[in-house]
Amino acid sequence: MLRLEKVNAFYGHIQALHEVSLEVAEGEIVCLIGANGAGKTTTLMSIMGVVSTPQGKILFEGEDITGRPTPSIVHKGISCVPEGRRIFPQLTVMENLDMGFYPRRDRPAEFEEDLERVFRLFPVLEERKDQLGGTLSGGQQQMLALARGLMARPKLLLLDEPSLGLAPLLVEQVMESIVEINKQGTTVLLVEQNALMALEISHRGYVLETGTITISGESGKLMADAQVRSSYLGT
Amino acid sequence: MAELAIVLQQIVAGLALGSIYGLVALGYNFIFNAVGIVNLAQGDFVMLGGYIYGGTLTLLLGLPFLPALLLTAIAMAIFGIVSQRIVYYPLRDAHPRMVMLSTIALGIFLKNISLIAWGTYPVSVSGLFGQRGLRIAGVSILYQYIFILVCVIILLAIQQYFFKKTTLGKSMRAVAQDRLAAMLMGIDAYKMIAITFAYSSTLAAIGGVLLAPVFMVSQVLANVGLKGFAACVIGGWGDITGAVIGGLVVGLVEVFSASYISSVYKDAIVFAILIGFLIFRPQGILGRATEVSL
Amino acid sequence: MNNSKLRNTCLVGIFVLLALAEPLITSRFYKFVLALAVINVIMVTGLHVIFGLTGQIFMGMAGFWGIGSYILALATTKMGLGFWPALLLSSLGVGFMGLVLGIPTLRLKGYYLSITTIGFGEITRFILMNWSAVTGGVFGVFNIPRPNFGSFVLTNDVHFYYFSLALAALLAVIASVLEDSKYGTAFKGVRDDELAADAIGIDSTGIKVMAFMTCGLFVGIGAGLYSSLLTYISPEVFTLEESFRFVTMVLVGGIGFLPGAVIGAVVLTFLPEMLRFLQAWYLAIYGLIVLGIVIYQPGGIAGALQGFLERRRLARGEEKQYGTA
Amino acid sequence: MRRIVGLVLAVALMATCSVYAADPVYIGAMGAITGGSAISGEQASQGLILAEEDINAAGGVLGRPVKIIMEDSRGLPTGGVTAARKLIFQDNVVGIIGCHQSTVVMAIEPLIRQEGVICMAKGSADMITAAGNPWIVRVREYDTLAASAKVRHALDKGYTRFAIFHNTDQFGEGGRQNLIDALARHGLEPVAVEAHNTGDKDFTAQLLNIRRADPEVLIVWTHGDEHALICRQVAQLLPDVQYYGSMAITQWSSIQMAEGTSEGAYTTSPYSYLNPDPDVQAFVKRHQERFGRPPETFTVLYYDSAMMLAEAIRRAGTTDRAKVLEELKKIKGWKGVSGIEYSFDERGEAFNELFICRIENQQPVIIEKVSVN
């Protein structure tokens, strides 16, 4: 579904990604793990077209989307839940969800249906639908961010550190919902620092080190890999 | 009785002035709500609108009111998009202080280029109502002021509806609050910003058209920008109703302080109140607008 | 060459050039403009501390300028003070104003701070104009004395120029020492990221107050010299446009680089006089130039210079590589 | 191609030079070309353009052409001091005409005295000539003259309750003081005194305060833009009070801006474009053809000043400033295109007469000419 071929990305003069290649097949959860600053977020931002003109090739459903403007990528069916959630603090929960629906605003009839779906997934949002986004708790904001991403009914959902800053119990809850989302038919590319969690729920994984993919494979195998264990799983 | 008439007249004058400031404040507010920046050339945009309407379309080409208003609005909308391209877009990722400086520089340029384009004589046009007005119980009100107040209320309602109910409005607010996140929602942020500038320039155009008959158009007209800014702060940034209420408050403060404290210090008093609000109540009178990180 | 060494070299170069420039300028008109330019250098050195180092857009320079000018003018003409104590008084007075202005504006950031300082400048002008009992109101203050050394009075513009230049150089040294001190680091910390500065234990509010006060002390001296140079001042000079002109000087020179600000002050004092032939077009073109700099050369003259040096260094480095190969 | 153009240019240049073989005599002028009062600078420069043409058409002075250099003072003392230095040190002018802001004149006064340059001031404040600077003469009505003429005229009409509304700048403050003094000479006091700042747009508060005092006469002392707006608002708020304006309300542009609300107002003015005097009408016609509108007061005052200065240079037979000044001060009964006869007195004042005008049918009609004595 998504394929990156030898992608290089730059911030100013600094090269952040070196020939990164990876693949996400339909129906999968693929995780991308790595240390802070390894280039995980940059990879996602390159896919989303936020990093200006990356080199290499980014294919989505066989179509080259390298360097396309972000909105058109979103309209193709990729949604991204960015790091730090970045919900709109001055919009209500409903309005935030409304923004998530933006790529499909020409089909207003489906709005209610989608709304119901995300409210089923995150009932707490329905209770607080008229509250301003900024007044939600951290966990609720994360749920809102996920829900907002889902409102676009994406084929592929990119998640950037969804567990960051959440209490362990909430992390579990969020991970469960990611699995649930996947089961409902959304392909997921998950970026996580919490490697154990990520590997547990994903089908395959990639390890990114200073802008280069060093290890890749099925999640179960990665968890067994000695190097991964020592570097990322702390065992 | 005579005293009552005087006080009523003062209130009328304050509300009349206030509705003008409120009108300008709506323009600030719009850009702020959509881009999260303050266009310090907003007053100069009003002046430019006034010149285009009064100097060029009315006096030079002799157009009647409505076509002149429409053409001014269109011209200013285009101008807004162009100036957005020049003063905002190149600085979209720079520190906000650079945007602030660039809008000030744009203001200086506009003031002085208009001096060359339209000359040094103030442009005076009669508008729809000229100097005619109502007289009730010793209180006189120019029709033009009533017209302005009506326009402000209509624009307020439109703006309120637009930002709260329409997808376009909501996505503009989203862009202002978090541009990256908005882009990740598939919102074309830069198109939104261009629309924003176009609309707020149109608001400025309407301001210029409405003000021309009561204040005349000259470079001094651009000074309403600062009062409009004060109105925004007092009403609370980002709050649309607050902007208009802030405008009315500034107008009333100005008239009453000129009447009972000092006519020469009235602007100083408005500034002092503005500073007081900035320091002690940055969320404005209504206190609905949450903290602004400018 | 590190930054402070580059700065010192540039400053020495500029001041030496300024000292040597005077005999080369034959026109007495431009000699006077030169004196004005040096006064502006002093003012901008003050603004550099707030704007260049601490990153706060201070739009109330006209207020500081007006207060300083009036303190010296009134102290000499009404209170009968000599020039020197009056100059000290105007420096301390404006420094105190900086403190007073700084404290309530502690909490303000960005636009709010700038607008507050605009308000401050305008209120100052209204007071200077209308508080006639003290300031003489719109009629201004006459017969302000020139500086004197004993009985030798600097009535000659050229003498005045060298005197101001010496003061400006002294203040530039003080500003440089300040910049290299721990306070300078704190100033820059606040400029680059206020939140981060707070996080590493810099008292960003206290630092901002200090920047305002330092600016006031400097501007007070420049303002005092200004009213002495002109011998007559009146309040309508101290407008918002003038405040913006000073900000522009720093901007054109390059934010955060003192020699840039100094060059900016000199260039922008001479530019309007040299563009006089443009008459009404001058201010429009001026606005355009500022706009161009903000957008296309935000580093100002200093930024262009540093870019040039860097490119040359790179070019030279390559040459060396070839040489050793 | 370029060579041909160069050749043509050279020939043209030589042709010009042969007409005026000598260096021109420079006359300086100052006015606000930019800034809030740029309108007066534009008026002044139009007068100077015509004056330069006329002087040179009459053969220049001393066999040399005259070049008038107008510098921008921005209407501010800061701009004024550099502009004056430019004119004196760079252009070596015989004299400076202007500026029309008293505060600018006062700012350059020490320089004028020190360098010995003629200054034909256009500010109206009394202190300009009171400063005792021998190099300053004034070709404009001064505040005392205008104030006492207005007060006397109103008193003759039987009014006794006066209100004053003035600008807070030097012009307005001077006017206020002079009006109060003039009233005091008749044993009167104003019933209300109100002020406004330059650039103000709404005057309701002040006018209502004045209404409380119930005056018969309102004397307004301010500039053109504000005047027009005050006229409009007075028509709303004080319709029954007799309006006395400053010279500005006789200006063609100001009458247009007032949109009929200045009707019936009186003022003192050194000039009205309605003056039937043939000299005035000839000038009005010429100006109208050239610039598309009648000349304003500053236009004729700058014009007259330049003509008188040129005449003084001719009479002195030299550009020596002291000698020219001496001749200038000897000018008596010089008839200007303003319609006034200028005679310099020992203080350096050229004005000792003034018109009382009334706005009738949107025209500044001259009612009478009053003189100082």
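Labels A, B, C and D are assigned to the chains in the order they are written; within every chain, residues are numbered from 1.
In this text, a contact is a pair of C-beta atoms (placed from the backbone, for glycine too) under 8 Å apart; a residue touches a chain by one contact, two chains touch by 3 or more.
Source: prediction; values computed, not measured.
Within the contact network of the assembly, the step distance from chain A to chain D comes to 2.
Looking at chain A and chain B, not one chain touches each of them.
Comparing chain pairs B-C and B-D by the number of C-beta pairs in contact, the larger count belongs to B-C.
Of all chains shown, the one whose average CA position lies nearest the global CA mean is B. Chain centre most remote from that of chain C: A (centre = mean of CA atoms).
Here the spacing of chain B and chain C, counted between their Cα centres, is 33 Å.
Per-chain Cα centroids separate chain C from chain D by 37 Å. Between the Cα centres of chain A and chain C there is a gap of 50 Å. Touching of two or more other chains is recorded for residues 112, 115, 264, 267 of chain B.
Residue numbers of chain D whose C-beta contacts span two or more other chains: 34, 38, 168, 197. Under the contact definition stated at the top, the residues of chain C that touch 2 or more other chains are 126, 129-130, 280, 282-283.
Contact between chains, using the touch rule, shows up for A-B, B-C, B-D, C-D. On the side of chain D, the complex with chain C involves touching residues 33-34, 38, 71-72, 76-78, 81-82, 85-86, 88-90, 103, 106-107, 109-110, 125, 127, 168-170, 173, 197.
In the complex of the two chains, the chain C residues touching chain D come out as 27-30, 32-33, 36, 126, 129-130, 132, 137-140, 142-143, 230-234, 236-237, 242, 273, 276, 279-280, 282-283. Residues of chain A touching chain B in their complex: 48, 50, 69-71, 74-75, 79-80, 82, 86-91, 95, 98-100, 102-103, 105, 132, 134, 148, 152. Across the complex, chain B is touched by residues 55, 57, 104-105, 107-112, 114-116, 118-120, 122-123, 126-127, 129-130, 241, 244, 247-248, 251, 280-284, 286-288, 290-291, 294-296, 298 of chain C. Of all the residues in chain B, the ones that touch chain C in their complex are 38, 86-87, 90-91, 94, 96-98, 100-102, 104-113, 115-116, 226, 229, 233, 262, 264-265, 267-268, 271-272, 274-275, 278-279, 282, 293-294.
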